[in-house]
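Shared between the two complexes below is subunit A, which has subunit B as its partner in the first and subunit C in the second.
Moving on to the complex of A and B:
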C-alpha cells in the first residue's frame, strides 16, 4: 500500500517533537555522605494550599512547645542560714555576686556553679547596703545597728579577708547604699540622703524633704548629677547633687520600697510599691507614672531593670517573682516555687539572661530570664527555628487559642485565689465607680485613668 | 515595588541616620534575594508533544521511539486474572498499588518493578488509597464489608469496621485523614495518626457512588442522580454546598490535584468544568465557541486529572482511554485497553498514567502531565531520611478538621470575624430594643390566701424581687448603650434619649456619640 510509505516519509521529514519529563537523580541526591541533603523548592502557590492554616498550626505548636520547655528555675545557691536582705551583682564580671544577710554576714557567690566562694562576718547587725566600686575590686557594706560603712578588698585568689580595708563610723543609721557609676562618690540613705566622697570623712552633700527616713537612694547611670530616692512617708524624691534642695517630691499613696533607674533610658526609673504595683516614672514629667505594672498580690519589695532597659523584674512579698516588659502593664512571666518564701531582692545578671533572687527562706535562687531559652550554643538551624517560632507567635498573637496558651501560667492554689480576690476587689471598685457616675453624672464623678490614680501630688 | 525607604536608600544622604540607612539596606537586600528566589530558573521544564496540525495522536510505540530509554519503565502492561482492577499512586509517585474485585491486592515500586507485597484476600476489593507519609507507606483497601489497612509488607494492620461498604477512599495528607464514601450513603473521616474518628454520619442523599476529593480544601464532592453536586465537610452532617451541575444525573466527578477546577460528567455525556471557588462554569475549549461543555460519547464514568490539568477518560465503552489537554477538546493521545477500563490514575510528578481494567492493569507515557518541579521531599527521588523528616514535619503541621471548608463558603484563619462583630452589634441593639416596660416593672404578684399561703407568698415575693433587680439592671444597661450609641442610635431604637444626648442636640452641634466605638460605623444611618 502506498500510504505506509508516505506516512513514513512524513515522519522522517517532519518528526514529531516529544519531550517527556525525565529527572536526573544526580540533581536530587547529595554527592557525598558529608553533604547535606538537597531540598527541592517551588514557591508556586498551587503547591502550597492552606498555607495560612499551616502557619497558624505552627504558631500554635510554637506556643505549646515554648510552654513545654519553660523551666526557668536553675537552682538554689545553698542555705545561707539566715534571712537574706541584699543582693548585689558585680559591675564587670558576669559570674559573681554578693549577698548580705540579716545577721551581718556577707557572702561572695559564683553564679554558674551556685557555690559560695567566701564569707565575711561583716557587721554585727543586718547588712543594709551592699555595692561594688565600679572599677576597683572593692565593695562597700553598711549596717544600721553598728552605724558603720566598711570597704572590703577582695584579692585575685579570692581568699578570705577578715578585716576591712577601711571603716567609717556614721552618725546616722544607714538604710541603703549606692555607688556612683564612675566617680568616687557614694550615696547613703538614712534620715536623709548623704553624698560621701571616699577621700573625705564628712558628707559632701545632704538632702532631705520632710522628717521621715529615706529608704533607698540611687544614682542615675547616665546623668551623673541626678539621684532618686524613696522615703518612708510614701514619697519619691528627685535630687540634683549640684543643688542644695531636692528638685521634686512626688507624694504617692503608698510607700515605695525600692527604685531602679533604667540603664538605657536616662530619664526613666521604676519603683516597687507597697500597693502591690510597680510604677515606672518619666523624670521629665512626674505628675503621673508612665506605666502601672499590676499583677502582684502582695507588696512589691524590689525592682530591677534588665541591662537592655526593656525588661523589669520584681520581687514581691507574695512569694513570687514577676517579669515585665517595659511599658506593658501585664507581667510576661511569674516564677514561684513551693519552697520560696517572701522574696526581698531580685537582680538581673549583666547579660540579661539570668535572675538572682533572695528570699526569706534563707536561699538565693538562680532563674532564667527567658523561661524556655536553651542554654548553651545554638546551631544556626536552631537559632533560625527559634526566631521563626517567635515571629509566628507574634503574627498570630491575637488569635484566641494562641493567646490563651502564651498567656497562661500555672499558679499555686493560694496565689491563684489571691489573684481572683484582687480581681474581685478591683471589679467591685470599678462597678461602684460606674454606678456613681451614672447616678451623679460625668462632671461630679469624672473618669480618671489608671495612671492618675496613684499620685497625691508633686511638690517642687 | 519601591517604597520611599528604597528610594532613599539609593541616596544615603537622605537617610535620617546610620541606623535607618542600615535598616533600609538590609530590607533592600532581603527583597532582592526574595525576587531572585521567586524568579529562579526552575530545574525541570514540563513535558509536551509538538505535533503537526493534521496529525493523529501518537501511539505509545511512537512515543517510545522518540524518548530516552530511561522513560521505558513508564510503559508496561500486566495481565492479571482477578477481576477489574483499581489503581492508586502514593503522593510521592514512587509506589503503585492495585486491588481487584477478585481479591488481589498488591503494591510495587513501578520504576524498578520491585514488588512490595502481593496477596489474595478472598474478598472483593473496591477501592484503595495510600495513607500516611512516604516513609512508612500504608495501604487502605475497601473490601466488600470493611476497610483494611496494610503495611508495606502486606501485613494487615487495622480493620476499620466503621468504614462499612466503602466504595471510594480518599487520603487528605495535610489533615492526616482517611475519608470514605459508602454505598449506604455514609461519609467517614478517620484520623490515621491518632486513630480518632473525626466524623461519621449518614448523608441522607442516597448511596454515594460518584465522589471525588478536592485536595486543596479537603472537601468531598459527590454527584447525585438528580444532577446535583454536593460538597461535604466533616463538621456538617448536611452538604455545605449544593449546585445543580447537570440536567441529568452526575455520572463522574473529578478534581485536579491542585487548583480550583472540578470536572463533572453528566448523564447527557457532557463534560463540564466548574470553578469551586465561585461555583460557576469554567470554559473548557480553547476556541471559546462552546465554552460550557464538551461531549464525551460512550464515556465510562472514570475520570482522572493530572497535575498540569490533563484529563484522562475512557472511551468506546471502556475499550480505550483518551487524554485531553488542559482546556482542550482535541485528544492528546489515546491507548487501547485489553479489558474494559475500570480505573485511571495519573502519577504525580511524572508523565505517566496508570489504568486498571478487567484483565489487569497498564501504564502509559503521557508527555506533559506531571508537574516538573516539586517542593519539599514529596517527590519520587527523595531519600528515605528526607521522607522520614517530612513525615515528622507533616505530623507536627497536621491541620485540624475545622480547616476543611469549601472555598466558596469563605472564612479561614486570617478572615475577619464579620459575623462576630455583627452579632455583638445585634446584641447591643437587642439590649436597646427589649425595654422592660413600666407595667412589667411595677407588677405585683397577687397574694394568696389559705393554708400554707404564707410560705408561698414569701417565695413568690422573693422571685419577683429578683426579677425586678434583673429588670433594673436591664434598664441600666439599655441606658448605657443608648449613651454610647448617641443620638442616632436613640432615634433608631426609638428609646428615651439620655440627658447628655439632649444637651448636645440642643446646642446645635453635630450629634456625635459620647464615647465612639469602632462599631459605630456599622450602625445604619437613620434616613
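Moving on to the complex of A and C:
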C-alpha cells in the first residue's frame, strides 16, 4: 500500500478499502510506433540462473565495440611548409590555437574548421616560445636565432597583425616562454630563468643554478609564485619568485625536455625525459619521482596535463602520441598515423576532449582524447548504453579476456619491434639483478624500486 | 635539513636570520648588541644549548698541526709530549692516548658562513613553499576520490571571429564606430602601442641608470616599442640578417633530409633478397669499378697504382687460401685487373684451371688422380706466396709416394682387400660407407663360429674348391643374416608404427567433440504397423555437427599432442588468475563481482 496513513484516515470515513497500483506508462509503452516493443521482465534472480554469464559476455562485447569504434584521428590542419615546434592553446576560447614553425612563422588556427585564420612571419629562426596573455587578446613569441621577444595583438584590427605591437631584443637566446596566470609577468628561459614585467625593460628576477641553459620554465597555475624549470644539464629546478635563489635542484639521469604543472593538483608536476620516460613529481618530496611513465620507444619531447588533472598526453620522437592516466605507469592509449613524423608538441584542449599535436612532417593534427567517444549529441538511450558499457568494462576490467581486448593496440612494425626490444632489455636487466641479489645477498644488493633509479641527487 | 643537523650553528640564530632575510628590510637595521642580547635572552628562557658558531681564525706562528696545542692545556704541549716520550712505557702510552684524542678532535673545516647561510635560507624557503603547497592536500585528495571533476572554462572568453573575412568585416565596423565616436583617440590608437606593450621608460630613475651603466642595449630595448625596427636591427650585433638565417637553416634542413633519404634508401636496398636484383646490382657495381679504374688510369696514376697494388695483395691472399673458384668476388676483381695486366690474365687462367682440377670428380682411375696431385704440387711449387721449406716438401712427396703405392685400388676397397674377401663382397662393401664397413666387420666376427645356412651350403658344394667355398659361404651367410636382421627390424618398426598410429587415432577420436543427436528415440515409431519409418534425411536434421578442429599434431607424424578440452580447460582463459589490486582477498573480489 502506498499511503498507509492516508488510507487509514480514509478508512475511518469510508468502510471500503482502496488498493492502489501505480504504473509508469514509460515502462510498457513505446515512444513511437517504429520503436521496438518493450518487454516486461521479471527481475527475480532465480529466474535468471545465467545472469552472471550473460553479463560477462556483454562486458566482452562492450570491450570489443570500444575497440571497433576507436577512431581517434580527427584531421590534419594542412601543410605548414616546415617543421612545427610549438603549439599553444588559447586560454579562454575552445576553438583557437597557435602554432610555431621552425622557419619563424606563427599561424593562428580555428580548430573546428581546421582553417588558418592568419599567418605571421614572426621571426627569422625557429619559434621557441609561444604563449597567450591570460586576459587580453595578445600573444608573445620568442626566437633564439634573432634573440627577440615580440608581442602580437589578435584584436579585431587586422592592420595590427602585420607587425608586432612591441618587440624586445634580448641579450641571451630565449629557449622558452611562459606567461603568469594573472599578472603581467612572463618567464623567459635562456641561459637562466628571467622574470619580465611587460611594462619594464629589465628583468625583475633572474635565477640560475649550474652553468647550463634552461630549456623551459613554467609557472604553477595555482601557487603563482612558484616556477619549475628544466635545464640542459639534466636538472629540474624549483623556483620561488619571491626568493633570490632557486629552492631546490634535482639532478636527473637524463635530460628533461619539457615540464607541465598539474592544473588541479598544485604540488604535482610532470616532465618528459630523454630516457623515453615521463616522470611525475610531488614538489613536496622531490627526492624521487612520484611515478615513472614507461612506454615510449624514443625520447619524450613534450608533456601536457589535461585540464581535469587526471590525464597526461606526451609527444615523442618515436612518432607517437601517448595518453596516460595520472599515476599509472602504463599508457592508456597510443596514437600514430602512417604520415606523422616526430612529434614535438602536444596540448589538450580546454575541455579535455581533444588533443592538438605538432610534428616534424609540417602538420598540425587534431585527435580525440577518448578514441572511441562519439562526437555530437547523444540521445538519452545512447547515453544510457554508453554508461552501461563503461560500467561493464570497469567491472570486468580484471578479467584476462576483457583486459586483453581493451589493451590491444595495433602498432606499426618498427614500433612493435622497438617495444619488444625494450621489453627484452628490461627483462634481461631484471633477471641480472635478481641473480646478483641471490648470489651476493639481500643486504649487499638491496632491491631498488623503479622510482629511485632515475635521480642522481637533490641539491638543497 | 640534514645539513642543518650536522652543522654546529645555533639553530635559533639561524632561524632568526632566515626569517629576517625573508621578511622586510626594516628589521635589518637593529643594532647588533641588541640582537645578541635578544638571542641570549631567548636562549636562557628556552634553555637552548648555545653551541658556539665556528669561526675562521688568522694563522698563528705557533705550530698547531693537529690541534694539539689547544687540546689539553699546558700538559699537552708538543714539547712536553716529546720530552716525556723519551721516558718509559707509561710515557709512550700517554703519547698514544694524546694522539688518539687529537685525531678524534681533528675535523674538516666547515664551509664558509656565506654559503651555509644561503643554503639554510634556501631550505627554509623550500619548507615554506612546501607548507603552502601542503595546504592543497585535502582539496586534491577529495578531488582524486570524487567521481567528477569540475574545471569551468573562464567566463571572460569573448566570442571569436571565425575567419579572416569575419575579422576584416568586424575591424571595419569597429574602426568606423571609433572614428565617429572620437576621431582623436582613434588616430592615436592606430599608431600607439596597446596597454601591455612596453612603454618607453623615460623617468628619472631609468635615465640615471642608463647614464651610470651606459647600457645602450638596454636603452635600445626600452625604446624599441616606439623606435624604428630597421635601425635597431643594425645596432644589435647578435641579430643576423633574416633572409640569410632562413637560407642557412633551409640548407641545413635540406642536407639532413638528403642524408636521411640516402640512409633510408640504402637500408631498403640491403633488405632486398631477390637473386636477380643482386645479380644486376653486382654487375652494375663491377661496371662502375671498371669505369672508375679506367678513369683513374688517366686522371690519377698514383691512385691507380695503389688500387692495382691492393688487387695484387688480394691475389696473393687468395693464393694462400684454397679458394680457386672462377665465380668468386676475388675472381671477378682479378678479371677486372686482367684488363690492364697480361700476367694477371694468365694468373686468372691458371687459377680457373686449377680450380677445375681440384673440383674434378674422382673416379676409379688412380693414375689420373695421382697425376693431378703431381701437377698440383708442381703448380703450387712455383707460387711465390706458398714457399714451403724444402724438407717439408720432401716429406710431403714421400708421403704421397707411399700413399700412391697403396692406392692401386680405390680407397673404399682397401679394408676389404686387407681382410682377404672376394670381389663379390668387396663391391658390396664399396657401395656402403666407412661406418657400415666397420659394422660389417664386427658382424663378421660374430658369424665366424655360427653354423652355416643350408642355402649357403648348396652354393659351396657347387663350387668345389674347399677354401674358396668356405670363404664364400661365410660371406654369403653374413649377407643372409644381414637381410634377416633388416627384415626383423623392419617388422618391429612397422609394428611400432602401427601401434603408434592406432594410439594417435584413439587420442584424436577421444579429443574430437562428438556430434549431438537430438532425434528422440521412438519418434514416429509407435503409431503401429504400416507407417513409414522416418527418413534418414529427416533424422540427420536433428544431429548437431560438432565442429571439426584441426589437430596441432596433424602435421607431425611422430608426435601426439594432447589437447585436453575439459570444461575447466576451456574456461581457464576466461578466469582471473590472482586477486587484483584494490581487493585484499578472493572473497572481497568475488563479492564485488557478484554485486
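Brief remarks follow.
Note that the second predicted complex is superposed on the first by the 416 of 460 C-alpha atoms of A that agree within 3 Å, B and C clash if a C-alpha of one lies under 4 Å from a C-alpha of the other, contacts with A are read in each partner's own complex, and residues count from 1 in each chain.
Basically, contacts are C-beta pairs under 8 Å (C-beta built on N, C-alpha and C of every residue); 3 or more make two chains touch, one makes a residue touch a chain.
Just so it is clear, the structure is predicted and the values come from calculations on it, not from any experiment.
After overlaying the two complexes on the shared chain, residue contacts for A:438 are found with subunit B alone; subunit C is out of touch. Which of subunit B and subunit C touches more residues of subunit A: that partner is C.
Once the two complexes are laid over each other on the shared chain, residue contacts for A:58 go to subunit B alone; subunit C is not touched. Touch criterion met: A:351 reaches subunit C, while subunit B stays clear of it. In the superposed model, A:31 lies in contact with neither subunit B nor subunit C. Using the contact criterion defined above for the overlaid structures, shared-chain residue A:18 touches subunit B, although it does not reach subunit C. When the two complexes are overlaid on their common chain A, residue A:94 makes contact with subunit C while staying clear of subunit B.
Of the two partner chains placed by the overlay, only subunit B lies in contact with A:46; subunit C stays clear of it.
Comparing the two complexes, residues 52, 56, 399 of subunit A contact subunit B in one case and subunit C in the other.
Subunit A makes touch with subunit C in their complex at residues 52, 56, 82-83, 90-96, 102-104, 110, 113, 115, 117-118, 124-126, 133, 135-136, 138, 145-148, 151, 153, 155-159, 163, 165-171, 184, 198-202, 222-223, 226, 238, 240, 242-243, 245-248, 263-268, 283-284, 307-310, 350-352, 395, 398-401, 460.
For subunit B in complex with subunit A, the touching residues are 37-38, 42-52, 55, 58, 62-63, 66-68, 70-71, 74, 174, 215-218, 258-259, 350-351, 365, 367-368, 370-377, 379-383, 385-386, 396-400, 403, 412-414, 476, 479-480, 500.
Residue ranges of subunit A in contact with subunit B, taken from their complex: 14-23, 25, 27-29, 37, 39-44, 46-50, 52-58, 61, 399, 438, 442. Within the complex formed with subunit A, the subunit C residues making contact are 1, 3, 22, 118-119, 121-123, 125-126, 129-130, 132-134, 136-137, 140, 143-144, 149, 151, 153-154, 156-158, 160-164, 167-168, 170-171, 174-175, 190, 193-199, 201, 206, 217-218, 220-222, 224-225, 229, 232, 236, 238-243, 245-246, 249-250, 253, 573-577, 580, 589, 592-594.
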